[in-house]
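Same chain, two partners: subunit A is paired with subunit B first, then with subunit C.
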Partner chain A sequence: MIRTARRNLSVYSAILAMIPKQFMAYQLWFWISLVLSVISMAILVYFWRAIYANTSTISGLAQNQTINYILLAFIFMPLTSNDLIWEFGSNLREGTIIHHLLRPINFQGMNYAQMLGGLLTRLILQIPMAVVAVFIFGLRFPTDLSTWLAFLVSALLGFTVMFFFNWFLACFTFYTTEIWGLGVLVDGMTFFLSGALVPLVMMPEWIRNIVLSIPFAQALAVPVSLLTGITPLSDAPLVWFIQVLWILGMWIISTLFFRVAVRKITVQGG
Partner chain B sequence: MTVIEVKQLTKVFKIPKKEPGLSGAVKGLFHPQFQNKTAVNEINFQLDAGEIVGYIGVNGAGKSTTIKMLTGVLMPTSGSIEVLGRDPHKQRVDNAHDIGVVFGQRTQLWWDLALIESLNLIAKIYDVHPVKYKLMLDQFTETLELDELLKIPVRNMSLGQKMRSELAAALIHAPHVVYLDEPTIGLDLIVKERIRDFIKAQCISKEMTVILTTHDLGDIEELCQRVIIIDDGRIIYDGPIETIKKRFGKFREITFETVEDVKKLDLPNGTEMLSTDDHKVQIRFDRTVSTASKVAAAVMNQIEVRDFSLSEPELSDIVKQIYNGALEREAR
Partner chain C sequence: MTRYLNLYWYFLIQRLKVLMEYRLSFILGASSTIVWQASSIAAVWIVMQKVPSLNGWNYDEVLLVYGLVTLSKSINHMFADNLWTLGRIYIRSGGFDRFLVRPIDPLFHLLADRFCQDGVGNFLVGLALVIKSSVDLGIDWTPSKLLVLIVGIVSGGFIFIALNLITCVSAFWIVDSVPVTRLVFDNHLFAQYPLSIYPKAIGILLTWVIPYGFASFYPASYVLGRDVGNIAWFGPFVAAFLLFIGYRFWQFGLKYYSGTGT
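And now, the complex of A and B:
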């Protein structure tokens, strides 16, 4: 039992460790996206400074609080990445999914390790952005250790919610085979609905209700609100509990859908 | 010892039937019509440990469908499969530990990474002991000449290099059963030769059981003692390759390109003039009766020859001949 668990852990961490290496294959892309990111970050900051020009608080948030939130959300954006849809799409198009199904390990576990590897790599690659945010746009990281801890737990839970949600969406690619539309649609929705542009508390209540009843915000707005103090630290256990419920729900529907969708390969032959 | 046992194996695909025109397309949205296509039809065979079997047939005959069912990734419609005592579909993960698969047209390697990275990870996934892994890797590096390839990303490799890498990846965990689906497709003769030698050596030293699908008669002749021929989902021949070769491989064709127009030619026994063009003549001869040199000498004595070429019968031609009932005709 322990041996199996240790073996699984070593396999999954080996899979995870492949991802940074894959990222390094495209160095030019790293520099281009860094420049693009700095530009978008500047646009967001100046946009919010302009909004605060005539008012000191919006929905109880001061300018520096809002800008802090926006910058942190920007840095932790990788939490919402939906590579899974593209991954499924290319696997199905090239037929390599057969090889993945023929590996003597859990297919979903393998993908989770891959996505986690992608997340960690992307977060490390965000470090230059964080430096820019601190020195140019005045970002202030919290110094309180328990706030960071609450954030990290919530971030991992939120990432897991998105993993299962994306797993559910990715199953559609078994039927459509075309992924570009779905991928771009989900990318766009993630950007707006994860709370990367506007803090949730500023949204009109009915919009906030919608956003909180779909999973996107769980991965970004929820943990980043904890980190910035918009959500008080005392609410952290409740936040985690809700996220665990999200995980359970998403895990069940995504697993059921996958079981049906994979029959496209295992019964109809792809 | 029986390693693979296939009984009454059948696979029926449900294919959407589309009626022509816009009204048909709309109708299909609401009342999709399906028709059944039987890809594999009640086939039976058994493989013993250490056998290398060529599994051949024309495109669409049902080869890949059979292989997919044997690996466990595709569920049979009816019938049973046992590989090393397991049902490969129901025990897919256990089964996966003991098999190796190469699909000639799809890669199992990580595209952007150096080959060695892929191999390291695969060894980990299949729980290969580090000492044994090192041994295998050294051996493969030598026989497949992977030395320079280990550090190259797969996306930068040529087709032949890729295929050598694929083979290493499929066999690094020393599987008992190996499925090779067109492993030499599109490769040049030298690479083909190297890959065949490698497969042969692996089989002898490791007692691997191999099913090999191919369109290349050379692969079959080099590697297999036994062939199974499938056509339209049914097995139409299962037996030693010698028999097939004797029956259907005894004819050769020579094509001569001549300086003058070809008129009439006297030919030795066991030959047949297939066609004559202005400056071209095609002759078929029976290898058991005549020889290439006899035919060539006879032609060259009578007419000035600019060029000539000798062609092997294509495997697909043999399969076609068999499908057209040559086996039954001979039986009569």
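And now, the complex of A and C:
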């Protein structure tokens, strides 16, 4: 029992550690994307400052609260990553999915470890951007430890929700074998539906209801609202509970769909 | 000139034949840009329902600015998207050498080689925004306003193309020019909103250094009757100047190009 657990841990952590190395190959991109992020953040900040020019609160949020939310959502955007869809697609196109399915480890577990490794790397790579946000755009991180804990739990849960949701979406590629269109479409929708552009409380009720009945916001708006204090800390257990329900639901749906879809597998070569 | 127009037509027909073979990808490509734009516009709409003024610009006025820069961008996106891929696809593989031995201008060949369908989505979004906003604003169209609008869109398109041309020439030295082009190109995002919401330095940058402002802010200001002075008419000169620099720089880079040995 303990031996299997240790074996599993070392297998999955080895997979996790592989991802940062791949990322480091792109050093020039690292610096350039830092500048690109500064441009994006500048636009967001000045847009919101202009909006707040003649009003002190919007839907109960003060200017610094909103800008904090927007900047933190921008920094924690990797939580909504849909790399899994692309990974699935390339596995399918190159036929390597066959080898993965034959390996004596859980295919879903392997992918989860990979995606978690990708998330941690991306978040570490966001640190320079966060520093810029603090010094240029006046971002304030909370200093309260329990707020951070509440956020971290919620972020991990939200990331897991998205993992199973992406798993569900990726299963469609077994039928369509077309990945690019699905990927960019989901990318474009995530931007808005995750709550990265507008705090959920500002949305008209019908839009907020739509956003909360699909998974994207669970990974970004929900944890970041806890971090910025828009959602009070006392609500954290309720937030976690809802996220756990999301995980269960998404896990069941995606696993069932995968079982059916994998029989349709059509490898395009490899 | 007519020879090149005929050639372009011929290239375009070939490209459309290819695209029609992959109809689903064509439609998805064109609609992906629509989804992206819809996200940003939805956000602006939500916020401006709550606060109807962005530094004195109302929702429809902001949409006009946004729509104009999107139209200019779509010209570049449809007809000059290959400037992005010069290094990655043509130089790295050695495919660019093919252009050099043909009896037509290599730059023309590069541009004509691929009409980019994704730009159609941007074109439709931009057009819809400009029409919607100008109808809702009840703009009183005079010949000079109409002229400024059209000249603004076209010269804006050429400013996009010229800046991408200048930056893509770096591919002759560093092969992959995409990071350099991105570094300049992404500044157009500033021009999606009125330049007056930014600090002065950003306004100067977007007017005199990376002049995307001529694609949106200045023509929109003129059409809306906001006084920006004669600068509203500068767009074509800025575009012509940048194109001149871009083409000279392209020729300079071409002289130093020696292939990757592939």
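Going forward, the second predicted complex is superposed on the first by the 265 of 270 C-alpha atoms of A that agree within 3 Å, B and C clash if a C-alpha of one lies under 4 Å from a C-alpha of the other, contacts with A are read in each partner's own complex, and residues count from 1 in each chain.
In the analysis below, contacts are C-beta pairs under 8 Å (C-beta built on N, C-alpha and C of every residue); 3 or more make two chains touch, one makes a residue touch a chain.
These numbers come from a predicted model, not from an experiment.
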Report task. Please indicate which partner A:Pro104 is in contact with in the superposed arrangement: first for subunit B, second for subunit C, both, or neither. Result -> first
Query raised in the report: Counting only touches as set out at the top, which of subunit B and subunit C does A:Arg7 meet: first, second, both, neither?
Result: first
Query raised in the report: Does subunit C touch more residues of subunit A than subunit B does, or is it the other way round?
Result: C
Query raised in the report: Should A:Ile265 be classified as contacting the first partner (subunit B), the second (subunit C), both, or neither?
Result: first
Query raised in the report: Looking at the overlay, what does A:Met189 touch: subunit B (first), subunit C (second), both, or neither?
Result: second
Query raised in the report: For A:Leu233, is the partner it touches subunit B (first), subunit C (second), both, or none of the two (neither)?
Result: neither
Query raised in the report: If you stack the two complexes on chain A, which partner ends up touching A:Glu94: first (subunit B), second (subunit C), both, or neither?
Result: first
Query raised in the report: Of the two partner chains, subunit B (first) and subunit C (second), which one does A:Val201 touch, if any: first, second, both, or neither?
Result: neither
Requested in this report: Kindly list the residues of subunit A that each of subunit B and subunit C touches, one partner per complex.
Outcome: none
**Report entry** List of subunit A residues in touch with subunit B within their complex
**Finding:** 7, 10-11, 14-15, 18, 21-22, 25-26, 94-96, 98-99, 101-106, 265-269
Report summary line: Given the complex, residues on subunit C that touch subunit A span 24-25, 28-29, 31-32, 35-36, 38-40, 42-43, 46-51, 53-55, 179, 182-183, 186-187, 189-190, 192-193, 197-199, 202
Report task. Using the touch rule from the top, collect the residues of subunit B that touch subunit A in their complex. Result -> 11, 13-14, 39, 65, 68, 71-75, 89, 92-94, 96-97, 99, 101, 103, 105-108, 110, 112-113, 117, 120-121, 124-127, 153
Requested in this report: Sort out for me which residues of subunit A touch subunit C in the complex.
Outcome: 28-29, 32, 35-36, 39-40, 42-43, 46-47, 49-55, 58-59, 178, 180-181, 184-185, 187-189, 191-192, 197-198, 202-204, 207
